[in-house]
Structure formats: structure tokens, C-alpha cells
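Same chain, two partners: subunit A is paired with subunit B first, then with subunit C.
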Partner chain A sequence: MRVTLAKSAACLLLCGWFAAVALPLGWVFLNSLRSSQEFVANPFGLPWFLTGSPPDGRLSLEELDAAGARHDAPEIDLPRQLRTQFDLLDADGNGFITEEEARAAGLGEAQWGRSLRLADRPGSRRAAWKEVKANYAKAWVESRFSSFFTNSIIVTGTSLAGILAVGAMASYVLARFTFAGSRALFLFFISGMMIPAQLVLVPLFFQFTWMSQAGTRLLQPFGLELQMHDSLSGLIVIYIALSLPFTILVLTGFFKTLPGELREAGIMDGCGEYRVFWHIMLPLARPGIITAAIFNFIGLWNEYLFALVFVNAADKKTLPLGLASVSMQSQYKTDFGLLFAALVITIAPTLLVYMLLQRRLTRGITVGALKG
Partner chain B sequence: MARVELRSLNKVFPGGVEAVKDANLVIEDKEFVVLVGPSGCGKSTTLRMIAGLEEVTSGEIYIDDKMVNDTPPKDRDIAMVFQNYALYPHMTVYKNMAFGLILRKFKKKEIERRVHEAAEILGIMELLDRRPKALSGGQRQRVAVGRAIVRQPKVFLFDEPLSNLDAKLRVQMRAEISKLHHRLQSTMIYVTHDQVEAMTMGDRIVVMLDGVIQQVAAPLELYHNPVNKFVAGFIGSPPMNMVDGLLFAENGGIWFRDDSGAINLAAPEAMWARLNPYVGKRITIGIRPEDMFENESQVLKPGISIQAPVEVVEPMGSEINLYLTVGNQAVTARIKSDREPEVNKPHILDINTANMHFFDIETEKTVV
Partner chain C sequence: MNRDYGRSIFIAVFLAPALVLFTAFVALPGVRALLYSLQRWDGLTEARWVGLDNFARLFREGDLFLIALGHNLFLLAVAGSLILVLALAFAAMLHRRIRGAGLFRVAFFFPNVIAAVAVALLWILLYSATDFGVINAALGAFQRMCHSFGWDWPRVPLPFPFLDSRYLLYSLIPMMVWSAVGFYMVLFLAAMEGIPEEYYEAAKIDGATPLQQFRHITLPLIREVFTVGVVFLVITSLKFFDPIWVMENQRPTRDSHVLTTLLYQKVFTEYNVGYGSAVAVMLFLLVFCATLISLKLSRAERVEY
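Our next item is the complex of A and B:
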């Protein structure tokens, strides 16, 4: 009895948790498939390209007027030929056939009038779908999310590779070997977590200025210059440094749980210390490394503050900065469709990475237990 | 195949613990030598120094007359089987066994041949595609042994390989490792704390205590002629009974009486010469439980019998273990008998005094 009670309580809690996570995500995704007009009409409605028309009474007469609809137009049947031509006529894909479009297509006055009436009917699925595509197209091209996305991939990917490479090697050594200063070195790494990142923002800014100058002076003979500000590599260096303490804490704990006899078995089999690490310890530490990877990925992918301070050029911005600029640009006339599409573009990789790695995470833990 | 020699080997751990003190030992080619002793006696440390997993503090280790103190483990041509198997969890059984050969850049065909041959010997052919987690303890142990076999090393080292198995499996694997030794004809060094394993498997046994080699001898030699009280007590199960008391001359013979006066035994004439210097002094005697016999007529024979109430009776099947208290001394006897003696009734046992051992009470060295 108690068990079932505890179980149902846990189930209820998990359902609540699921709803709290999934509903906002779903809402964002659905709204990225709707136009601003749709969103204003009903923020919680379904996309028109699915439903076909807005729910009755939701659009006011004024709104229809504003959209240029002729609500008084009688329902008419359009000749089949004209119906198939509708998409051809609607050159700018907004779901309405304007006078210019009709004339450009060489339609007569009579036909134009009739086609206009058809096009004016709100909720043409076709029109709504075009709006949706426009959302993403606008975000990707006009708002330069393609560039932000690439930058985010480069910055997060490179940082992650650096963090895991340095973190795993350092953690293994700190977990397995005692040498003069090993304890102090470990504490030095870990102490990085005690300093709030925001605190080092300003000193780091000046340090970067100094480093750029000194580096450039050094590299001048080779015709190179060192640019730490406003560069992706500068950001990557910061990200790696900021993420190492946590990563080393997690991975050191993980490496300590691995049996030391495996190292000795490896040595007897003919491994040197490097082979022991690469062939035996690293594969075994995969669950720990994936955990560290997930945490770091989410943190870095969404990182805003350091990117904001150290990156100014539009072509160097990462996704969080891009999102901010979109919402700032649309300060007076909010393009909700565009905003939500941009959000989905930003969120999707996180979800994808999480789903992919999580499956491998559980597989890593239960490997051998299930196989065979 | 190889001969292993330890010369004045010492190991001092940081912190000053002396794990091995002045160990000298020659292990002949194709010999099966067992290092045995209670935990912390330095047997594992000795093995790990031979393997190259521990640094030598002083002294030398020779394999085939080549000093290997500074040779890294992988170049010593030695394979080791670990107590916890230490199989690589992320590799299949095949890969586990092949790993050492892959690292040594053997040809693929040769690796396959060797792994299959070893798997055949150990009866694990059908397990080659599994991972260690899907194996039982006994199967894992076989894989660990297989990993050592495929390398065809000069010397095999076993570090308490059977202590994680259940009793029945342990007996079975014990016999299999012995068989393996006959089949492979290579030098094997085996560490255990279990004297039964040591007695049943070893060509020679090295008994260690507190980092010092106590005695090196063949199993029966060790059993019959232990050099000191520790070896005498360690080898044999149940352990030898040790009683302190006084040695004195009376009626033209040499007698032993324990402190409570309940045990009075006559020393056999053959021992008199060795015992003479101890007459009038305190001494320790050792009597193996199996050197005590049921007194059929239950009549006390002076100098041979002891009388005491039986406290616990353990029927083992072929034998019966009796736990008695003689005076203030707990004594174990192992008798052959068809009927169980009654508990708490006085019982008379005869002692085969010819097999009695005498130890110097101070040095604990064997007197006779």
C-alpha cells in the first residue's frame, strides 16, 4: 500500500516535472510555426497551416480589415484553372494576391477581382505555411542566425574538445598518482570554482588587451597579430579556463572509482602510462566524460555574459547574442514568428545533443551488464 | 622458461613500513612455488616486486641470471593473474586475452591462434564474444588466467587468484591451475594466505611472516619438520595445539608438564639428546590434532593420555573434530571414529608422542 502510494506520488511529481519542461518547449516550437498575426490573435492557439482557419470569433473585424480582408465578400467558387494558379500568382508568398501580382500574371479585371476574393479569405493553409517558412528563412538569413549558429558550433565544439582533453588527462593523473604538490595542484584547480566568473570579467578584459598587445609585438616579425578581443579564439580560451575546475572535480571523482588493478593489469600486458590512459582508463571513464560533456555543452551553448563583453563584431556573435539582438531590433514591432523561430534554432541543438548523449550515457553505465 | 632469483631483497614503504626484509630465494625453472603467510607478511609485495609493479628498495631480482631491478614490467616477460581478475570491462573476452599480444604487435593470425588455443585449454571458447560483466566469478578467473597464458611468458605470477571464488569453485580451480602447470611446464609463483592451497599446489612453499621468509620447503617437509612455532602453527588444519609448560627429568626419562598440571607427557627417547639442554626450563610443545587418537578402553596410559571433557563435536564425515579444555588449555583433536563422543563428559585421548614438536619458548625455534 505504502509502496503504491509512494510510487504514485513519484509518478505525479515526474508528470508535473515533465509538464513544466515539455509544455514551454512545445509552446515555443508551435509558435515558431505561426505568424505574428496568429500569435497576437491567440498566443496559445494551434498553427493555422494545420487547422486551416482561425477559430470562430477570434479575429476581430478591425484585425481582418487591417489584414486587408474583405469579410463581406461572398463565398465563391473559383474556376479550377485559377485555383491551381493561385500559388503562381502569389509571387511574394504572403497568401494574398495583390493587384500588381495579378496584373503581372496578365489576369483580367474580372478574374483579378474573383481571385482577390479567394485569397482574402483568412486562413488559407497554404498562406499560413508560407508564413511559417518565412519565419525560419528570416531568422536564418536576414537575422543572420546562420552565422550565429556556425559561431556557436565553433566556439562550443572547440571549447568542449579542449576542456575534455585537458580535463580528462589532468583528472586521471590527479586521481591516480601522488607526487610532490599533487594535492595542491588539485586544490588550485578546484579553487577556481570558488571565484564567481562575473568577478573576473573586468580584469580579464584588461588582461586580454595586454595579451593582445604583447602577443602582437611578439608575432610582428612573422606578419601576424594576436587578437584576443572580439575573436572566437579569445572566447574559447575563456570558456576552457572557466569550465576546467568543475570538469576536473567531476572527472577526478570518476577516475578514483575505477579499480587501480586495471592499470597494473595493463602494465603487465605491456602498456606504458599513456596506453593505460588511452586504451583502458579513458574508455572506462566514458560515462563520466559524457556527463561532463553534457553539462559543459549546455553551459557554453547558452553562455551570454562573456560573449557579450568580449565579442562586438556582428559576424562573431554567438546564438545567445543573436537572440538578444533579434529581440532588441523588434522593440517597436515585435515579429513573434521570427523570435520563436530563432529560439527553436537556438534550443534544438541542445535538445539533440542531450538526447543523443543521454542514450550513450546510460549505455555506458550498463555496458556488459546487458550485453552477452 | 626461467629461473627466478631474489638476493637480499628489501622493501621499505614510504612511512617506514618494512614489508620485505632480506629475502633470499631461488626459484628453479618449471617450478611451482607458493608464497604463503598471513595478510601483511610481505608475500604480495614480494610478488609485485618480481612483477615490477613495486620498486625494489635494496637487493636484486634476477630472471634467467639477468638483473631486472630496473627493467620495466612489460620487458620482463612476465604475466600476472590478479586477485580481482582485473579484466578490462569494456573489452570482450577475446579482446581481453588478445590485448597484450596486440600491444606487442603480434600478427592477427597468430593472436587468433593463441587465444583460441588458450580458450580451448580453459574451456571458455563459447565465452569469447562476451564481456566480463556477463561472466560468473569462475569464468572471469579463467579469462584472467587465459590472458596470462596467451602471452607464453617466462614466469607466471598469481596474486591470490582464488580468494574471490566460493569454496567449491576454489577447489576445482586449484586442481585446474595445477594441471595447467603440468601442461605448460613453466615457472609459476603463486601467492596465497590459504595454507591448504599452498600445500596442495606448491612444489615448494615459502612461508613468510612480518616480511621475513621463515622456511622454504616441500609441502610434507614443511608439515613434518617446521623450523619454528609459527610455521608449525600455520601449516595444517585445524592448527597445531601449542602448550607451554615445564620440561623435567624423572624416573630416568624426560617429561613435560603444562602449567595447570593436567597434561603430563613423556618425551620419546629419540628426542632426549636434543631436549637435554632444556631440562628444568620452560618449553612449548606442539601436537597436531591428527596425532591424537581415541583411547578405545578409556583407561589412562601415563605419559601418553590426556583426559578432558569434550566441549564441541564437529563431525566432518571421515573424521571428527573435538574441542576440549585440558586444565586451562584449549585443545583440538581430530580423531577417526564411528561414534560421536558425548559432549561435556570426560574423555580420554592418546597422543602419538613420536610426532610431538618442541619449541624454544623464547626464540620459538624448533628444538626437535
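Our next item is the complex of A and C:
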């Protein structure tokens, strides 16, 4: 009896926490599909295309059905070529094709008829879909989330490739070769784990200034200039350098577990050291590399402080930076539809990666705790 | 001889990129931060050596540094203990094979992979003091319910300004717990799954209750991972930055500053590089000590069964 009581209490607690995690995220997603006015009117409402009752006195889906629109919805009886042309026909982009628009496109009454007019009444599913997309379209184009997103992809992708390449090479040598100072070198890298990124933030800021000046002076004869501030490559270099200690710690641990005979066998068969690394060791180290990649990906995709310090130009901002600036600019403060859509755009990629790789991620969690 | 030569070249080629990058962008800047902290510098004009003067300023009566550090420690103590207790409880529950354990694990961990900036924005919307603030709406409904029973409670006038500087630190706690619990839960769960099942079976035969099993088997055996978790918690709360920066619109006040926001403000808005670097050096020393202590502890208390 007592055991079942404890068990149901545990269940209750777990379900409660599950709701606390899932509900706010679901709330964000649903509200990204509603206009700001709808949100302000009722923050807990569902998108009207789900409930079927549109705001501001439009016809509901039932009323439309009653008016016979159900049978005439363009999804059903529009000719295929017309359906793909819907956006072309919809000249003013409001989601409804008016009679004038249809006529302007050279369509006769016979071709589009009464059905299309009804189907395009405000409140139709197609009109709803246009509204659903409106927040995302606004965030993506007007608020430049397309650019933030691209920058995030470039920065995270390049940094990740750099970290893994540079880190794997160094880790392999540190793990499998002993030479004068090899132990000291390993400790040198690992000591970086104890350095909070905040310590090097300020010196790097000034270092970038004089590096740009010196680099530009050097490159002047070639008509080039070096810009470290406000450039994605500057950010990438920092990200790679700061991620090395963690990556090297993880990967040396991994390379050490691989049998040493493999290398000797490879050398015997006439492989050079380089080929042994590339064709034998690297493929075997894949699980370790993936673990390092996941934790670095999450850290870099979400990184804010360094991006804030080193990037000012709007066209170089990464997603966290863009999201923060949108949420702090007063002009957007009441554009809730936009804020929710921006949140979804920022969260979705991590959600995707997490869903795909969560097994590896939670299995390698002890490694993740090292990434302080 | 020739092969040895080739081997040295191989080692050099493979180590060089990491060594150059790490030295130029981490190790040397780290040393320069120490030097900056001994200078008075506005970032433009000639720097002046002032010895330990910056550090003396940090510990002066009423200086922002101690206040900010106090805020970090407050967050660590309150949010940290809540996180550890909840994470241990959840891990223990999932460890005893409750139905749907996999789903709970996946869901609880998820907030941890969301960008801190996004988490902050989400909670700004939840905490909003306007009509559509979800938490204020819920509190309002609760209050109305209490009133309908004739209770004059809770007395706080609503909407409550959760995001006001004065209350921000308290408001941050639910957010921090919300986003971090899953991580520590999965960490502890991984350690618990490494405990051999026989121990529990033996304990059951001896008549130990689940609570006793947890106290005498689970806890001692995950002690090492628990220590790792505590240190990680200490380090992350010392480095805490993004949510405060976003929630305070880049202008934290005396009530809401933490170490990193203070560092940022001193260097990049007040151009006081020496002071800011001294804050950074203190942060480094704290992180360093936390790591060392944890290494000591986890070695001294390793439990063998």
C-alpha cells in the first residue's frame, strides 16, 4: 500500500515536471502561429485554424462549409496547374484571390467560377495558412533571421570542423606518441579547462584590434585587409581555440583506448603515419568524435557572450545575438507573433539535433559535465 | 634514423595547429589578462601600472564586485540546491523503472540544450506584468479563487513585476531550475545505472526500504559523479551572464549585477579595463579553486565496494 502511494506520488511529480517543460514550449509554438492581436486578446488561445473560429468577425469554417465552400475549396477542384499558380494569382499577397486578380491573370469565369471566390473568403483554410506563415515570413525576411540563421550555420559548422580536425590531430599524437615534453604539452592543453572564457575575453578584444592593424599593413601590397572584429572568421578562430581543451581531453581519452597494434600493423603494411591516422585511427575514433561534436555544437550554436563582444554589424550577427537584439528593441517588444516565431527558429535546430542524437548525448553526459 | 626524422615531422605537423591556436588565443591572452588587472587603462591612452590597486578596489566597502559576487553565490545556493535535490529525486524515480522513463528523460533534458538567450526570452514572456503574462494570469486566477472563499490572500498586488531589477534574482531561480534540472538528472541517472543490481537485491532480502536503499546504496555510489555535478554547478553559476543581460536590456543595476555583467559593463561601457580584468582574474581564481577542491574531494572520497 505504502509503496503504491509513493509510486503514485513519484508519478505525479514526474508528470507535473513534464507539463512544466512541455507546456511553455508548446505555448511558444502555438503562439508563433497566431497574430499578435490574437495573442494579446487571449494568451492561452489556440490558432484559429485549429479551433475553426477566426477572430474579428470573419466567417468560421462551419459557416463557410454551410455556404458550400467545402465542396469548392481550391485544394479540391482547382486544376493542378492553377493550384501551383495560387501565389502568382494572388497579386497583393493577402492570401485571397479576388475576382479582379483572377481576371487580371486572364482567367475566364468558366475556369475559376464561383468556387474560388468562396474558397478565398477570409476564413478559408488557405487564408489561414497564409496568416500562419506571416510571423515566420516577417522574422525571416524583415527581421533578418535568414541572415542570423546563415551566420549561425557558417560559424558553428566551420568552427566544429576546425575543432574536430585540429583537436583530433593533436589528441592522436598526444595519446599515442611519447616524446620529450609530451606529458607537459598535454597538461598545457588541459589546463585550459580551468580558464573561464571570460578571462580571455578582454585581452582578445584588444588583440583583435592590433591584429587587424598589423595584418592590414602586411596585406596592403596585395590590396587586402584583415578584419578580425565584426567578422565571422574572427569568431570562428576564437571558438576553435576555446573549445580545444575540452575536445583534446575527450579525444585523447578515446584514442588511448584504441589498440596500439593497429598502428604497428598499418606501418608494417606500408602505410605512412598519415594514412594510419586517416584510414585506421580516425574511423575507429568516430564515437568519441561524435560525442565531442555534439557538446561543442550545442555550446557554439547557443553562444552569446563572445558574439556580443566581437560582432556589431547587423549582417554578421548569429542567432542568439539576433534573438537578443530583437527582444530588446522596443519596436518589436509588442510584436509577439514575431518574437514567438523567432524563438521557434532559434530553438528548432537544437531540438532537431537533440532528437536525432539524444541517445549519444545522454550516454556521453559525464563528458559533458567536464565542459565547464 | 630517417624514420625517426619522419616521425618528428609527423608529430610537429599534427600538434602545430592546436598549439598555435591555443597559445595565441587562450594561453597568452590569459597571461595578458593578469597584466591588465595590474594596470589602469581606458583601452586607448597609455596604460599605467598600479600594482594591486584594482584588487584593492574590488574589496572596498560598498563596491559592486562583492555585491555581484554575492548575487552569484545567492543563485548558486538557492537555485543550485533546488536543482540538485530535484535532479536526485527525478533520477532516483526514473532509476526504479517507472513507465515512460525514457520519455521523461528526453523531455526533462531538452531545456538544457536551448540557447540561454531563448530561455530568457521565453521567461520574459511568461513573467510579463501585462495582461497576457501567463504567470501573472495564473496568480490572478488563484487570488480570485482565494477571494471567493473569503480569504484575503495572497496580499501581493497583481500583476507582480517579476522582471523588475529588485526581484529579478528571485525570478531567475525558477528559470534556472527549469532549464538545468534535466542535465543533472541525466548525469546522476547515468551513474546510478552503473550500480550493480545485486546490491539492491541483497538489500531487499535484508528488508531495506526503498528510501534506505537510496540512502545507503545509491547515494554513496554516485558520490563521485555528484561531486562532478556540484563543481559544474559552481562553475556555471559563477559564469552566469546571458539571461540577466537580456532581461535587463543590457543595463543591469546594483540589484541584478553578477560577475560577468559587471566585467562587461566596466570594460565595454565604462572603459575601465584594469578593473574589469581584475574581476575576470577573480572569476578565474574562483573557478580554479572549485576545480581543485573537487579533484581533491573526488579522490579522497572514492568509495569502493
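By our rule, the second predicted complex is superposed on the first by the 242 of 372 C-alpha atoms of A that agree within 3 Å, B and C clash if a C-alpha of one lies under 4 Å from a C-alpha of the other, contacts with A are read in each partner's own complex, and residues count from 1 in each chain.
Rule of thumb we're sticking to: contacts are C-beta pairs under 8 Å (C-beta built on N, C-alpha and C of every residue); 3 or more make two chains touch, one makes a residue touch a chain.
All values derive from a computational prediction rather than experimental measurement.
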item	value
First (subunit B), second (subunit C), both or neither touched by A:Thr150	neither
Which superposed partner A:Pro43 touches (first subunit B, second subunit C, both, neither)	second
Which partner reaches more residues of subunit A (counting touched residues only), subunit B or subunit C	C
Touching partner for A:Gln227 - first (subunit B), second (subunit C), both, neither	neither
Partner chain in contact with A:Thr158 - subunit B first, subunit C second, else both or neither	neither
Partner chain in contact with A:Thr216 - subunit B first, subunit C second, else both or neither	neither
Which superposed partner A:Ala241 touches (first subunit B, second subunit C, both, neither)	second
Shared subunit A surface residues [contacts with subunit B and with subunit C]	272, 368-369, 372
Parts of subunit B lying in touch with subunit A, wherever the complex brings them together	51-53, 73-74, 78-80, 82-84, 86-90, 99-100, 103-104, 129-135, 147, 151
Contacting residues of subunit C [partner subunit A, same complex]	6-8, 10-11, 14-15, 17-19, 21-22, 24-30, 32-33, 36, 43, 86, 89-90, 93-94, 98, 100, 103-111, 113-118, 120-122, 124-126, 131-134, 137, 178, 181-183, 186-187, 190-191, 210, 225, 228-229, 231-232, 235-236, 238-239, 241-242, 245-246, 249-250, 259-260, 263-264, 267-268, 273, 276-277, 280-281, 283-284, 287-288, 291
In the complex, subunit A residues that touch subunit B	259, 261-262, 264-272, 275, 279-280, 283-284, 286, 367-369, 371-372
Of subunit A, residues touching subunit C in the complex	3, 6-7, 10-11, 13-14, 17-18, 20-22, 24-25, 27-28, 39-40, 43-44, 165-167, 169-170, 172-174, 177, 179, 185, 188-189, 192-207, 237-238, 240-242, 244-245, 248, 272-274, 277, 298, 301-302, 304-305, 308-309, 319-321, 323-324, 327-328, 336, 339-340, 343, 346-347, 350-351, 353-354, 358, 361-363, 365-366, 368-370, 372
